[in-house]
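Labels for the chains are A, B and C, by order of writing; each one numbers its residues from 1.
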Amino acid sequence: MTAEFDAADRPLLEVEDLQIELMTEAGIVRAVDGVSFVIRQGETVTIIGESGSGKSTTAMGILRLLPPELAVLSGTARFQGVDVIADPRAVREVRGRTVSLIPQDPMTALSPVHTIGQQLREAVRLRHRGLSRAETVARSVDLLARMHIPDPASQLGKYPHQLSGGMLQRVLIAIALAGSPVLLVADEPTSALDVTVQAGILGLLLEVQENIGIGILMITHDIGVARLVSDRIHVMKDGRFVESGEAEQIVNAPRDPYTRKLLAAVPRLGPWDEDGESPDAPVALGEPR
Amino acid sequence: MTATTVGPADGSGSGDTAAPAARPSAVTAKDLARSGAVRRRKSARLKIWIGSVGVALVVLPVALAGVLPIPGPDEQSLSLRRLPPLTGGHLFGTDQLGRDLLSRVLHGGQVSLTVGVLAIVVSGIIGLIAGAAAGFFGGWVDTVVSRLLEAQLSLPLLLMLLLVVALFGPSIPVITFVIAFAQWPEVARLTRSLVLVEREKPYVAAARVLGLHRITTLLRHVLPNVVKQASLVILLLLAQAVLLESALSYLGAGPQRPFATWGRIIADGQDYITTSWWLVTLPGLVIVLLVVGVNLLGDGLRDRARRRKGPQTEGKVSRA
Amino acid sequence: MVRYVAQRVGQSILAIFLTVSTVFVLVRLAPGDPAAAYASPLATTAELDRIRAQFGLDKPLIQQYGIFVQDLFHGNLGTSFSFQAPALDVVLSRMPYTIMLAVSAILFAAVVAIPAGVWMARHADTARELGANVAMIAGQSMPEFWSGIMLLTIFAVLVPVLPASGFTSWAGLVLPTVTVGILQIALISRLVRREMGAGFAAPYLTIARARGISERGLTWRYALGNSAVPLVTALGTRFAAMLNGVVVVEVVFAWPGVGSLVVRALETRDYPLIQATVLVTAILTVLVQLLIDLTYPLLDPRVRLGKAVAS
């Protein structure tokens, strides 16, 4: 599991003035309205925003996973120099090799009628052609082991519906790494998981990043996740970045009012309040304040 | 997401406030024309148009058969036997007994269409009631209806219909009932699944809290929401009813009075196919035109309804 | 999986039971003397009395039902008076021809319709697909007896390439198969198009695409692989519906199967023969559907292995 970094040290991902318009039944919707960002080796860049801000669309858009009959992309998005907006066909070389996707809902992310092993080995074979069956099996088992999946060899024969969400997400990360990518796009990788499992997945991602130096584009709506993994954060609203900066600065000293609202939206534990005396207590209908 | 324009791009940007300069849209007219949304809208409209024309071309003349300036369907004329179309004032030609074929087709069509419409009304009512009851009340009602639906899936339908006609005679009520029997499962199945979805919606619970009797809730609130979609399927069943009726009458089990229907006309003309091709081809084309029209119309209406429900895009685009 | 099998078998038994009961009830509900229905139109009063005694038609309904079911188990479905032979034997002698036609039609239809449906799904919402759609709608709008007569006239009479009727050589199978096949192709291809469309919209497909899997791999392995299950079950229900077309087509081409048998029996009022045909065909259809449904666990691991979640 190695990453083939660029000798010329070009950024892993360079997005400039990306604009994504969707031709929907209700008219043209501008989901992404001019965003720019860069990701370099070993960095984790997070795009944080609420639902509908355009963050997932950005991720799917640069991977050209939006249906061409729906989305029109403009601007530039370069993966180690390859601009996939100028040349849509080039993305096929990039997907699975230079960059891999980690999806949001692990339960629906794999084909239900194929085994884990079949899908993992397929990903291995895509990158490393000419391997014998035994070699692909060995690599697959190795990948699963690095994801700290217990008894990896026996998992190969199982079907997706037989594994829990957390295990499936680890399998998906393994599949993503099978192609030896230099960049991972993680689209809300923990949103569909239980809280107790989330930390494990995030920890795994950080561990992988430390071991092989890949870059991570993290998409999330969760401040906690952003705080934990990011080097730099972009706050997205209505298709634009309202604030960008180093993780520490955004979290501790946000400048934009929207960012501040976003950070403040974490429920705080106040004093225990049975008698309604705290100023934060809700007022019953009809009673004077 | 910023909805900056509604409708085709004008290239000049948005009507949106804020400081950053409005960016021009990159959506070209060509993109738009090729977009899924526009294509689907166009194809739905085309289907509805062509379908309506096809249906009208058949239904209107049939409905007006009595007043059109054509000979009666039973007027025989031994000297004018088997005339080809467009001779002697006979648009469709004449059959082996000298009867005007167009007149036979139109008058027979009145019976065929009456049977078809009656059948879908009957199957529609039975299917709606059974499906709604099964979906809404659940329990043993649902079990019974569902088992009946499943069992009927494996019945050799045409054979059973022939059996019934053999026993009870080929009268219009019998044929209507028999076709309705063939069709109620499809209506019931759809209604049931629609009602199952409606049942979970908040207004049903609200109605119960307000003290409304369950049957009232079903009849006055749930059913109207469901009827529109169900009636689309019922419309499409008209095509199937016409085909089934014509098959029955071809086999000799169709209504004989007051007029022979389309299947029978084709069966009568079968022996003369090589010398008088129009006796079989033209009535068949009328059936095809009607059924294609109904199918296209129903398809187009269904496409349009599906679009209104909301676009389904790949992946998770709709989230952010 | 055991539960699934048990459920399906139970359903099949219920379906057969309902058909048998319906047939039983129908003849007793019909106007006229049931004995006259079972006897030939030329029966004497003595024969009518004998038949009445044989089927217990003067006994209470429950007992009659018992006799009916018992006769069924013993393979006694009455005597066809137009053939002067046990009805069951007559039906069984002609059933293989019907099965031959049905199987040949469904194979022909599947071979054409599945690639056609996949093609339509890949080119969804294009002008080409709209054209294909309209062609399929035309295909399902033609009455089978009519398209049969047309095909027969063109290919057997005007351009005598193929035999017009009967089953004298294998070539005689072609036109009936194509006639039945047209409607099935139209319906099956639209079904495949729908299922594949749903398959293409599934999340795992987008994510597989993100892995760099080729479009061809996505179509055939992922989309079609996952559509196999609903497709197969749909094909099972098609079988019963297809029999309607087979009956009519047999008449058009004088194909020696049970369809043309029934129509002849209608003309001669040979009720025992009609009843026997209905019962045998119903049982056959139920069995075919049961067999097809039992392949379901083979195709869908979720049914085969149950929904246990291990960790």
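Rule of thumb we're sticking to: a contact is a pair of C-beta atoms (placed from the backbone, for glycine too) under 8 Å apart; a residue touches a chain by one contact, two chains touch by 3 or more.
The structure presented is a predicted model; accordingly, all values stated were derived computationally and were not measured.
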item	value
Partner chains that chain A and chain C have in common	B
Longest centre-to-centre distance from chain A, chain (CA-based)	C
Centre-to-centre distance between chain C and chain A (centres being mean Cα positions), rounded to whole Å	50
Separation of mean Cα positions, chain C and chain B [Å, integer]	23
Rounded Å distance between chain A and chain B, as computed from the means of their C-alpha atoms	47
Multi-chain contact sites of chain A, meaning residues that touch two or more partners	60, 65, 69
Contacts with 2+ other chains: residues of chain B	36, 39, 314-316
Residue list for chain C, restricted to those that touch at least two other chains	125, 203, 206
Complex contact set, residues of chain B against chain C	36, 39-40, 43, 46, 147-148, 150-151, 153-160, 162-169, 239, 243-244, 246-247, 250-253, 263, 266-267, 270, 273-274, 277, 280-281, 284, 287-288, 291-292, 295-296, 299, 312, 314-316
Contact footprint of chain B on chain A as seen in their complex	19, 21-31, 33-34, 49, 51-57, 60, 65-67, 69-74, 104, 187, 219, 238-240
Residue ranges of chain A in contact with chain C within the complex	60, 63, 65, 69, 92, 95-97, 100-101, 103, 105, 108-115, 122-123, 126, 158-159, 161-164, 166-167, 172, 175-176, 179
Chain A-facing residues of chain C, complex	125, 202-204, 206-213, 221-222, 225-226, 228-229, 299-302, 305, 307-311
List of chain C residues in touch with chain B within their complex	11-12, 14-15, 18-19, 22-23, 26-27, 29-31, 37, 125-126, 130, 133-134, 137-138, 140-146, 149-150, 153, 157-158, 200-201, 203, 205-206, 237, 240-241, 243-244, 247-248, 251, 262-263, 266-267, 269, 271, 274-275, 277-278, 281-282, 285-286, 289
